[in-house]
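Across the two complexes that follow, chain A remains constant while its partner is chain B and subsequently chain C.
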Partner chain A sequence: MSAVASCRAASWLEASARARVAGLLDQGSFVEFLGPEQRAMSPHLRQFDLPRAFDDGVVVGRGLLGGVRVFVAAQEGRFMGGTFGEVSGAKIVGLLRAARDRAAPSPPDAVLLLLDTGGVRLQEANAGELAVSEIIRAIAELRHAGLPVIALVGGRAGAFGGGGIIAACCTALVISQHGRTSVSGPEVIETNKGVEEFDSKDRALVWRITGGRTRILSGAADRYVRDEIAAFRDAAIALAGLTPPPFACETLRAAQTRLVARRERNGACRDATELWAGDGIDEPDQVPDLTEDAFIALLSARSAQHDRR
Partner chain B sequence: MRRWDSARQARDARLSAASGLMRGKQVRPDDVTALLEAVIRPGDRICLEGDNQKQADFLARALVQADPAILHDLHVVQSGIVLPEHLELFEAGIATRLDFSYSGPQGAALARALDRGRIALGAIHTYSELFARYFIDLTPNVALIVARQADRHGNLYTGPNTEDTPTIVEATAFKDGIVIAQVNEIVDSLPRVDIQGDQVDVIVQSPTPFHVEPLFTRDPAAMTETQILMAMMAIKGIYAEYGVTRLNHGIGFATAAIELLLPTYTERLGLKGKIATHWALNPHPTLIPAIESGWVEQIHCFGSEVGMDEYMRARPDVFFTGHDGALRSNRMLCQNAGLYACDMFIGATLQIDLDGNSSTVTPGRIAGFGGAPNMGSDPHGRRHASPAWLKAGREASDARSGLVRGRKLVVQMVETFGDAMAPAFVETLDSLALAERLGLPLAPVMIYGDDVTHIVTEEGIANLLLCRGRDEREQAIRGVAGYTPVGRARDRGMVERLRARGIIRRPEDLGVNPLDADRSLLAARSIKDLADWSGGLYRPPSKFRNW
Partner chain C sequence: MESFTLTHPAATPLAGAGRQAIVGVVASGNLEVLAERTAQPDLCVVEISTAADGFGEIWRAVILDFVERAAPGGVRFSINDGGARPDTVLLRLMQAARALQDATN
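Presenting the complex of A and B:
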């Protein structure tokens, strides 16, 4: 029963956005900007007779991470799927711009994005799409200024749509087994291309294609952690302490070269197990069912780490 | 001179009409439709085996392709209307009459077909009731059944999903009917014999394995704090109060939450070994943590559950298993066990009226009945005592004569608002309007109000045993109906008096703090946790994975 007892540690998947922020940062250090008492709510949802949230499903603020000053934004995946709306998007854009401008009194040395999102909120899609674009631009500006922007993905909604693009634009991505990233979600692919192309009900398949284990093995994520808030915290502290690679043409060219090579190597694969077999993993079918200990051991035994950025 | 073996002669004639298609007892898959046209006759009662779990799906597809000029006016007598083919039989004019129990996924299509007059409906039965009628006035002429394996003599191995098969075969084979089985494979020797070969006339190896629906898996990840609160109240206010050891659970999330609170919250209350030890229950994955923690003595199962086979094989002290090691389920016997040998049924419903009658019929949808009407009824034929049964009986009794008989605890557990904020409490069940529209002589009622002993909502527990008279029952129900229109129309003074008498109990009356109702109390918070609890023996189907 020890395996079960250990999974009782505070779970990232189970936690609310606020609980994640509280557990991620140094205890008591979080100061929220535009908190729920300000009632900055969506002006659109009421027209659809949908419930609103006092924080529009995003928590933004500043705090300390292992003593380092950080800005943090956390999406609440259980409110409207953590989607980017007019207000929720603007809160993140504003936070990133304040970080870029080294806003007083506590200019940050890193930014943490706790993504938990299905993408743009359909009820306010234009504002949401604009917000995603503005966030991507702000991340580029932050990286150009030398600040690490770290994405953490392990919530129920994953990081899909614009959230998937944003995750890929960050300096580093931390992911857990339950975390998923992609641009088009499984239901979207099935709707457009048919169930033969992608069966969104086959959840084992969904996780084999988009899940944390696949993403870390393919080099699309940088750190793989257990589904524990403390594990996300440890990974974030380690990444915030690294000097990010220069956000310059040679870094992007290297990434492009790596991606082209990956597509040439794997373009014909139909499932992640084929990638893993091609990568020399014994018993690729077993990868999803390995215990966390066994999977983490497998990762550390793999010498060739991808230089993701 | 009357002939006394006309049915037997008819059976022989039918089988010889099909003899050209058979080699021994085997028929090729491509010849099955022709075989069915040869052995079935217009007007026959047929059972196309399918319940809420396994399906004779290949035989269903074959029968639908029959020529309606040859096969027509069939009378379908089977527990489940679950596959689209079951209704296509009526659309194609092959079948016209129907007696059944459960329709689950076809509930809406069935209602439409009834509306259009495609089906002459006999009745919507409980399982036990339909099986009983198999032996009295609805005996099948031909049964199309399903098993995992057959040998060349027609012996069948059903594996863990035995379910309805022995009952269907008993009624059909011993009354000169014809039994046709689809199997996944034909082998030289079987792991065990679930159905004797001399009761089976035809076997066919289906091109694809039969379908089984995982109906009893509730994902702990979807459990809400409201459901956990209700579970805490039920444990303290009913399980502990009556000392319920023998019971059946429905398939709702609130009862699944109870299962997941046994090794945690309930164990801390010191109740281990005192409650919930003996079960009539499908193999619920959410019971794994309680089993692993030593809560459960034994479980008899109606059917199996996808992914649970290896777990149950490894826990024969708990489950009924064959000498081959695999589970043996049996729906009719388990229904009987749940009716007579359990002291409590607890389950959910969609609508409850002011008398406590409940129904899962909603406008345009006939889901039929699962086990609930049988499990959730007080068996007047019971004659053995138990503390829980006697305590319930004493509460209901005015005991003027000193003669007390026991009562089964029948508990309905509902959130005051259901899906899409539909109120669970109503003045009139939708079932009544539906019965009127379709001309049904009997409105479908899942559990009659006079069988219900307790209603649990997030607002509290109403003990209907202690109510005296219709007014008290009505106010007890309104008193836990929350902010639904029924709840808001309560008589506040009377509700407070009922609470003072312990007929209505709020969380605080039970020593339950709603703020303690937290997902961290659950022994498993995901399907993955359940798989971990089982030591990897439980293999959840893909639709429930999030890894």
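Presenting the complex of A and C:
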């Protein structure tokens, strides 16, 4: 088995940002921008006596995905929680703007964001917040130009804080069982609202509320995949080949209408199992414990519910 | 944080033609190693930036052991360390030397 083949069979959750990019794209096609040898590191972490990373925890570049030219950004969730700092944020902003400007020599036809982040890096929070805003603006510009921007979430850090908002702004979101998306993370909710509101140490609860299965069933994610790099690749290839919905007022109004209806329908629910029961799923308590095969079968038996975008 | 550079004579240049390779990740108990073929062919240079202060002697022993095992002449290894144990450091250095040897860049 070649190195790349074994890379693709590998777990997305366990893989590094670099391994994910290598396995996601066509073999050997990745060209990194501002690689680690450039040593574009955080100018702030030293002041906090914290170690830096040569790529500031973000890998950006271009490559081919099933023959389609793409730009890709991947966060390393294990370095500082995959956070948006001044440099790591600017790398993603720069990549998205280059995609918007159809930069030579390989103007992309899609953009992939491999999010693995707890949100803004607190040690450089102002720069990080600005970066999140600039990323959202750049995604809006890319969508307006008709380019698909696909978020892939299945890492340990999930996509929280600004990362959760960014995931929701993309044309499509691919998620695995381990992937989580939200804005306020479990610890933040517990700190602000008390353990009775949300027990962040109850891992089953955390995944029932924020995890991939909940997100795909509620329509907040578009594709649910196994925790394999190859599965993320197949989903990304399929989505990159679709024409995204027009990024126009009527699309946004329709999304808003669906979200308001969802809130009215589910606003009183205290747990995801109540959502699923209301959604007509048999034995909703069993959903978190289903095998991947059984859960994917459950998904394919349901009619497509496009509750987003 | 502590930073220091160790330079050792290396018996032979590292095999292969790859220009650079990076392995590992900066996290608690882990480290990243960037290997670049930018040192003199008869030298191995290791630049260390570590979150754990006061372990210079152990770093010196691990790097000496590594240079004797791998003979990585001509290579500059740059390390960002999040407080990895010595065995992890040695494994990452060996991994970086191998990755550079096999690199096609």
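Points worth noting:
The rule is simple: the second predicted complex is superposed on the first by the 298 of 309 C-alpha atoms of A that agree within 3 Å, B and C clash if a C-alpha of one lies under 4 Å from a C-alpha of the other, contacts with A are read in each partner's own complex, and residues count from 1 in each chain.
Rule of thumb we're sticking to: a residue touches a chain if its C-beta (ideal position, glycine included) is under 8 Å from a C-beta of that chain, and two chains touch if they have at least 3 such contacts.
All figures in this text were calculated on a predicted structure; none of them were measured in a lab.
Of the two partner chains, neither chain B nor chain C is touched by A:I209.
Legend: residue contacts after superposition of the two complexes on their common chain; A:S16 is shown touching chain C, with no touch to chain B. Judged by the touch definition given at the top, the superposed model places A:R52 against chain C, while chain B stays out of reach.
Contact with neither chain B nor chain C is seen for A:A40 once the two complexes are overlaid on the shared chain. Shared-chain residue A:L113: touches no atom of chain B or chain C. When both complexes are overlaid on chain A, the residue A:A74 reaches neither chain B nor chain C. Applying the stated touch rule to the two superposed structures, the chain B and chain C interfaces on chain A have no residue in common. Considering their complex, residues 1, 3-4, 7-8, 11, 13-14, 156, 177-178, 201-205, 207, 211, 213, 288-289 of chain A touch chain B. For chain B in complex with chain A, the touching residues are 221, 289, 292, 519-520, 523-526, 529, 532-533, 536, 542-547.
Residues of chain C that touch chain A in their complex: 1, 20, 22, 25-27, 30, 32, 34, 36, 49-51, 78, 80-82.
Interface of chain A with chain C (complex): residues 16, 18, 35-37, 46, 49-55, 57, 76, 78-80.
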